[in-house]
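Below is one structure, written out as structure tokens, with a few remarks after it.
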């Protein structure tokens, strides 16, 4: 599977995207006054987890089935600085999938600005850390649309509503 | 100002509490399979920032006025383990206030369980890091109720609603 | 066991202290230009791990014996700001020990300045997360002196020496 | 400047490498029992800072000259899991340099195993966040060999030596 430099505009999951809000924490900034570059991997992970939750996929159920998805490769390009208390929206989709890997692509936006873009490649492994095939119904679920009411979630609203 | 071992049930801001949801991130767990104890200081900080935002207080405006609030003391007692993807609710209020310090108290709950409790003592300092008096209108705002529509915020809802 | 506000000058392990160097990372600073207050819990943990390693105690062996030491309470008082690339020395000792808990006390110094001081209370639990007695030989090891050549470790030296 | 998928075996700084030890912290692991993938960006940063310190380059002096080096792109490929208390060695060199950017390449080893490999691309900017040329003497210093006794540093030794 060739790895792109940047998120793919198309790909198997391009039609089924989710947008997950993330509020920048104070602790995620550094002495340059901007979000530390490592924080984006945390945002991407939070977005990926929420993307899956909205499709009814529960990471801990996968663990109970002996299925784990460690990150085996990651890329992030920083386009402009994000700052404390910025409300970022992480657009998330599956840019590529193979028998035993799946690549999540991300665009981090603040309003109309793209703040960062990247991807993380995940491998499906068993309890002994050997590669295993992603079960077809799991992949279908990953590539499918958001579902209604599958899990409590965090969404942005106006304050004190 | 005497420092309590635990959050105060009363105190100047006890009548004006906020409850801020925080979803546990994967990265915030450790090899014991539970939330790492240092993560709670991040949750308390996120709750404090959101508590203030709901009252119209904007940290960056304070910075522009030469007013900073570093944490000068902190305590956290862990009552039970929290885990990945738990939705915690951080009940937050001001347990004590003096001329130049303010203490935020916190209860972290998961449903009916208290997961952790603690406080952070903040000092008001100027740009030269000297102690300064908290302006009365700032303290009033801190101690007051949540306001309507003061800032975008993140609230828990059901997914895909 | 009464919990002190600050590290104890005496205590069962006061005579057997270790000093562990920690270099402040860029990512551990925040937009105030100083070390974020949560970072000190990471420094205390690194110091505690190294304190134990210097006495031949190996955390993973304890895990294999079904013995875990989660932090159940923590306190940190910040005396002055630390900054990027500061070389801190974390003086570490056991300030209190009971049948099933042990409290590590810490002083974080930069040269002659005390930057922060605090303690963490650890509980001994079994694989089912029930309290268990700390085995006497484990406590003896914890309270004893540093040993020679027990494990590779990281020590400060001058660069490129 | 084309970006490689992996660290370059050659490049302008390939002859002047440094190896920086990093001990895995407990907090850097996750519930899979391995080092969280975001931690490697912290290790790479620590290695980069130490690489520069060994050549007499002091980040804060650069800041005083109005010269900053934010990360604008990053890649990390994970080859095998690292675990708590592993002693990693981060081999660090400059894989590419242009007028206003410099790319640091990294190999993270545990003994003979390559645990991870990656790079970070840094841009030179001024106080107004505009791109600026890297001064030739700064680039020379970056590309040059380690110097003797330029700064205190942290090096691995055997314990209690």
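To keep things simple, chains are lettered A, B, C and D as they appear, and every chain counts its residues starting from 1.
Definition applied: a contact is a pair of C-beta atoms (placed from the backbone, for glycine too) under 8 Å apart; a residue touches a chain by one contact, two chains touch by 3 or more.
Source: prediction; values computed, not measured.
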| item | value |
| --- | --- |
| Chain pair showing more contacts of the two, A-B and B-D | A-B |
| Listed chain pair C-D, A-D or A-C that repeats interface B-C [over half of contact pairs the same by residue number] | A-D |
| Where chain B and chain D are represented by their mean Cα positions, the distance between them in whole Å | 35 |
| Whole-Å gap separating chain A and chain B, where each centre is the average of the chain's CA atoms | 27 |
| Multi-chain contact residues (two or more partners), chain A | 26-27, 34, 38, 41-42, 45, 84 |
| In the complex with chain B, residue positions of chain A that touch it | 21, 23, 25-27, 41-42, 45-46, 49, 53-54, 59-60, 84-85, 87, 146-161 |
| Parts of chain B lying in touch with chain C, wherever the complex brings them together | 3, 5, 32, 34, 37-38, 41-42, 45, 68, 70-78, 81, 120, 129 |
| Contact footprint of chain B on chain D as seen in their complex | 26-27, 29-31, 33-34, 36, 38, 83-84 |
